[in-house]
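You will see chain A twice below: alongside chain B first, and alongside chain C after that.
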Partner chain A sequence: MTMSPTMKPGPLLRRVALAVYREVRFNYWPYLFVLPALAILGAFLLYPALYAFRMSFYDWQALGESEFVGLENYQRFLEMPNVRLAVSNTLYYTALNVPSTLFVSLFVALLLNAEIRARAWFRVLFYLPVISSDVAVALLWKWIYWAGARGLLNNLIGVFGLPPQDWLGDPKLAMPAIVLLTIWKGMGSNVLIFLAGLQSIPPELYEAAMIDGAGVWARFRHVTWPLLRPVTLIVLLLLTIGSLQVFTPVFVMTGGGPANHTLTIAFYIYNLAFGSGLYGFASAVSYLLFAAILGITVIQRRYFSDVVY
Partner chain B sequence: MCKQTIFRWLALWTILALMAACGPAATPTPATIIQTVEVPVTVAPEVTEPPPPVTIVFQEPWSLTSDRGKVVQQIISDFMTANPDIRVVIKDVAVNSAVFTTEVLAGSASDVVMFSEDGVSLFAPQDAFVDLTPYVATWDASKRNDFYESIWAFGGYEGKQYGIPWIAHSMALIYNKGMFEAAGLDPNKPPTTWDELYEYAMALTSGEQYGYGLVGKQGHDMAWSWYNFVRQNGGDLATETGGQWTVALNSPAALEALEFYLKMKDVAPPETTTTGGGEANTLFIQKRVAMYVMGPWAVASIRKDAPDIEVGVAPLPYSQQLATTVGAGLLTVPRTTQNPDAAWRLIDYLTEVENQVKLVSTGFAFRIPTRQSAVQDAWFQQNPEYIPFVEGLGYGHVPTVLAIAMKYNQVHNEVVQPALSKAFIGELTPADALAEMETNGNPLLR
Partner chain C sequence: MSRMSLPFYRRRQFGDAVGKLAVYALLIVGALLAFFPFVWMVSTALKTPPQVLDVPIRWLPDPITGENFAAAWWRFDFARYFLNTLFISSAVTILSVTICSMAGYAFAKKHFWGREMIFNMLLATLTIPGAVLMIPLFLTILKLGWINKFIGIIVPFCVSVTNIFLMRQYISTIPTELEEAARIDGASDFTIWWRIILPLSKPAMATVAIFSFVGAWDGFLWPLIVLKDKAMWTLNVALGLLQIEYIAAEGSPWGVMMAGSVLVVLPLIGVFLTLQRYFMKGLIIGAVKG
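== the complex of A and B ==
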């Protein structure tokens, strides 16, 4: 929207402008130093995001005339084939991935926090998957899940007399198989956060609990777990946001199949934009996903803010 | 000046210097010098220097350090020798919709761009290209008519020609002659019908070896694999009646094709549900399957990775008619070009038969020429495995849905692929899967 020459900024706008001016006028050095980073983020993150918001109101043609369609792209959301399935698959993935990754990460962090031999090496090993390429890891796990007797995992379960499974081709197994990969891949960063949390707990509290006769479980239940609540909230938020945006393993391993059983919202958006050329509609779905993530994050923060110690 | 202020200024200058170092080089290119510097005329009027060459950019997908990139460089070098008034800069960046759109919007699109077969149908409606029809009209009829019609059509939109096919592919049955002999089959008589395909595949299935590399992973590869069977049975993807397009896949021909496709699971490996085109190629190289369907690049890939396999290539087996998927690499001129004439001269040169053969036959032979006379080249006599692919351009046809490529892409991605996968894993009967394609696909075509 452009402002007409006769229009004067309102009192609020003037106050804000004045505050910004004073801040920059008298304290400009920090802003100069962060300017390069701000410019990069603005050009490659903020501007595209805002542009996508504008696109979501258009039947957007990349090179031709785009037609303004108002809220039509948002209204079409539930009418499109596969949308409900993509939403339910994403929620299913999130429901599987968030608690399992959280508890596995916490368990591993507790082990790595203990006084064990070669602790630093174990910490490095658990963190290695995090810095590995997403695509390379997905390809690796695709081979691990190879169907038939030649698959690595099938060979492993064959030792226990179990029959080979079609891990990525069976509708019931495909999503849990992807979750298993993402637990392994993402665990390292969560373990790191939990470790930081564990090391911030004062050892005196454990000593006091031991003097009171608390065992291992009681110490965890009454000291560790309550004091880890703030850290757990961070891990929970990050996991939820990441789970709702899962893309790479689906793209590489299953292509959304079999029969759309691993079609997630992020992969659906990708298909809409780069498969079908529906950039406007894909932008609208992206903003709906953004709104959903924002809503869930706010709810989580409110719930946990009451119970954080 | 206090120390703190000196430090601040030094820090600021350091940041600015770093930013300048990371930015584009300040040295102007020779072309920029020619355009911007005014040189006083001091020479005698009778001494005239030749005009500077026009510079055009040619965007092609192969790295200049690859074997194919080196061949492209050689061809371009020959072109510049023959046309000293044109200088060609090669940009080895693969073009896709996102890259091309960005470049056109930024005004930095190349002068000649190689697109895949759907490039013109996707971007010509958005007025992205220079109309090449007047240039084509300058050709002798012998050159224009030498292009396979099936491939030529990919470059057309609403009666105008926006893309000239440079390289092409069709699909063929690729088989392991050694496995044929071991199974008691004549390696010089590959299957020609669906029934024979199944019988042969059954004979070739034993233990850990399977007869056919069936594609069953949800996605584009599975869809085009099945489309071949649909067309071989006389079916089509969509039809137009009174200006309205409808999905034509809920037909008896398509149903038979789907039932046969699913029957081939009997002779395919257990990992078929996660097998795409690339995996099928790997299975063949691993000698786990004896036959599969792929394009000419597969022959080069097998020769490179499994030279001990004696490869046989045959037209796709059929039921009613020969049919195969075809595709092309199209040379286009984006509307942003300043030098359409020079761009056309490059396209004209690249599409000469000898240059097409040179490109596809050197090193990793991955595609076939788009001109019929190319098959007379000695290279094809020395490499007869590629001839069935060339023949495929003769009976292959451009999809009818090319006219509605944008809309059909959505049907293809969102409706056909999942419905096909549902039939493949038994979640829907073949008839129900086809009905779903029609029910969910038609609204998207309106």
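== the complex of A and C ==
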């Protein structure tokens, strides 16, 4: 304990007694300090998470009695009409979004890490989409993607003589179109994380590599990339976890359409619970998503097992 | 200095110049791509309805009109949604800064039974995805009778583990001597927190405040679930639901919808631009150490 003895005058015995009392008395303040945080996190994070686990074993609907059904919700998982579609769409979205955002963010971070002027300005510009609300930018891009000749994107590709596309109405284009929005929206924060990582690499290493005659690519391949691994892992995890839960762009831009081609797991859970009232089944799907996210986190961490935190 | 022979040095300088030019060119193109959708947002918001549908498109509205903003603000009741959102975000921010700095102080400086265990448990909860919480949290709020009430949005999300972590990291850098000096003067832990820790952790508080405010302002899925009554909506909920309704009804209400989007985005960008140094700091601490 780091308590200092008091130096007030007084009988020795009283001073000793006071010091002993200070050492042994129960200090309740630390508990009071953490209590509000723990109470709220317990009531609105931990309890609901466990509650959902219980619900996933019940036929729990918005109306009527709930009934214990064991693993039935999990067994029914693959038989439900759109589950496979939701899973494959989400995986497709993740497979498109994670590598492309990672690549673009790293590339921009490398550019920003060069000795340039106005770095702060560029950083701000790249960060503007991140700070903007999900709903507003999804709506903006819905307007940019607007079908027919009036959409901005169709106008731009029209300059090159390309025919207008129904970006969000075409089953083939809808998901890539959503991915393009999320790359634009999510890039800025990953750029900053990469930039922080890049700036922590000692410049002597680059100087040494240059003396050895290493070119730009060799320096990236043998200095930057290996030293950036911890940061890459973090970006990879954040992107994957976020991608598997994508909801807002789908809600605003396509509503899961056309013909369920952009139906994602999170949107599916939302519809199951708040559209169909199938709380128990929706909880089971939530837990499978949770398990998938945990699994992927563990696998990615193992792949990067040499990384020290 | 002497490690480079002259021709090599010259060659490098030339290569540097070309390389730097390419870097600037790529950055400028990238920055324009990042920025131009916003120009389109504002430009559409300032156009009259016929101009919005002009083909070929025009970037600059002529004449410039404020009618979309007036329509969004009054006819679509964004004035109310703006106040709702402002109230929710402010309440979340005040609660978040207070609660997270108290917890952060305890985790950083106090030794108490179970500290490590509790803190590790908190960090473990970071892996719980929001999608898992959606349904049980809704049922919890339903039981509490908080559906359609702001408290149902404010309380469940006013504490975040990331913010506690951020406060803890910052407070642990404050020298312990200051606390000890106060303790000799007979100050309680609460007085020390209030008089010493709070004033000295202003930068971290600013970061937590901004993240909380922006997070609450940005929220969509949860307000969408809880706030059923139109009068209680937030800006995002209004925007997300009204667009579906009006695109179905009118086909192309983009002037008003973009005006609404500007109203949502502008305060966020304003907060970001004025306080960005705290932003960047928090982002790096949160991401790299979290």
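Here is the rule we go by: the second predicted complex is superposed on the first by the 267 of 309 C-alpha atoms of A that agree within 3 Å, B and C clash if a C-alpha of one lies under 4 Å from a C-alpha of the other, contacts with A are read in each partner's own complex, and residues count from 1 in each chain.
Following the convention adopted for this analysis, contacts are C-beta pairs under 8 Å (C-beta built on N, C-alpha and C of every residue); 3 or more make two chains touch, one makes a residue touch a chain.
The structure displayed is predicted, hence computed values, not measured ones.
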{"item": "Fit or clash between chain C and chain B when superposed on chain A", "value": "clash"}
{"item": "Touch count on chain A, higher of chain B and chain C", "value": "C"}
{"item": "Chain B versus chain C as contact partner of A:164, first or second or both or neither", "value": "first"}
{"item": "First, second, both or neither for A:34, with chain B first and chain C second", "value": "second"}
{"item": "First (chain B), second (chain C), both or neither touched by A:296", "value": "neither"}
{"item": "Partner chain in contact with A:275 - chain B first, chain C second, else both or neither", "value": "first"}
{"item": "Partner chain(s) touched by A:259 [first = chain B, second = chain C, both, neither]", "value": "first"}
{"item": "Which superposed partner A:173 touches (first chain B, second chain C, both, neither)", "value": "neither"}
{"item": "First (chain B), second (chain C), both or neither touched by A:251", "value": "second"}
{"item": "Partner chain(s) touched by A:82 [first = chain B, second = chain C, both, neither]", "value": "first"}
{"item": "Touching partner for A:233 - first (chain B), second (chain C), both, neither", "value": "neither"}
{"item": "Where chain B runs into chain C (options 19-27, 163-171, 253-261 or 271-279)", "value": "271-279"}
{"item": "Intersection of the chain A residues that touch chain B with those that touch chain C", "value": "29, 32-33, 36, 142, 146, 150, 255, 274"}
{"item": "Contact footprint of chain B on chain A as seen in their complex", "value": "29, 32-33, 36, 61-64, 80-82, 142, 145-148, 150-151, 164, 166, 168-171, 253-260, 263, 271, 274-278"}
{"item": "Residue ranges of chain B touching chain A (in the complex, touch as defined)", "value": "8, 11-12, 15, 19, 96-98, 101, 104-105, 122-123, 125-128, 208, 216-219, 269-274, 276, 406, 409-410, 413-415, 417-418, 421-422, 424-425, 427, 440, 444"}
{"item": "Residue ranges of chain A in contact with chain C within the complex", "value": "1-4, 6-7, 27, 29-34, 36-38, 40-41, 43-49, 51-52, 55, 108, 111-112, 114-116, 122-129, 131-137, 139-144, 146, 149-150, 152, 155, 158, 184, 187-189, 192-193, 196-197, 211, 216, 231, 234, 238, 241, 244-245, 247-248, 251-252, 255, 265-266, 269-270, 273-274, 279, 282-283, 286-287, 289-290, 293-294, 297"}
{"item": "Complex interface listing, chain C residues touching chain A", "value": "3, 19-20, 23-24, 26-27, 30-31, 33-35, 37-38, 40-41, 44, 53-57, 99-100, 102-103, 105-107, 110-112, 115, 118, 122, 125, 127-140, 155-159, 161, 164, 176, 180, 183-184, 186, 188-190, 193, 214, 217-218, 220-221, 225, 235-236, 239-240, 243-244, 252, 254, 257-258, 260-261, 264-265, 268-269, 272-273, 276, 279-280, 283-284, 287-288"}
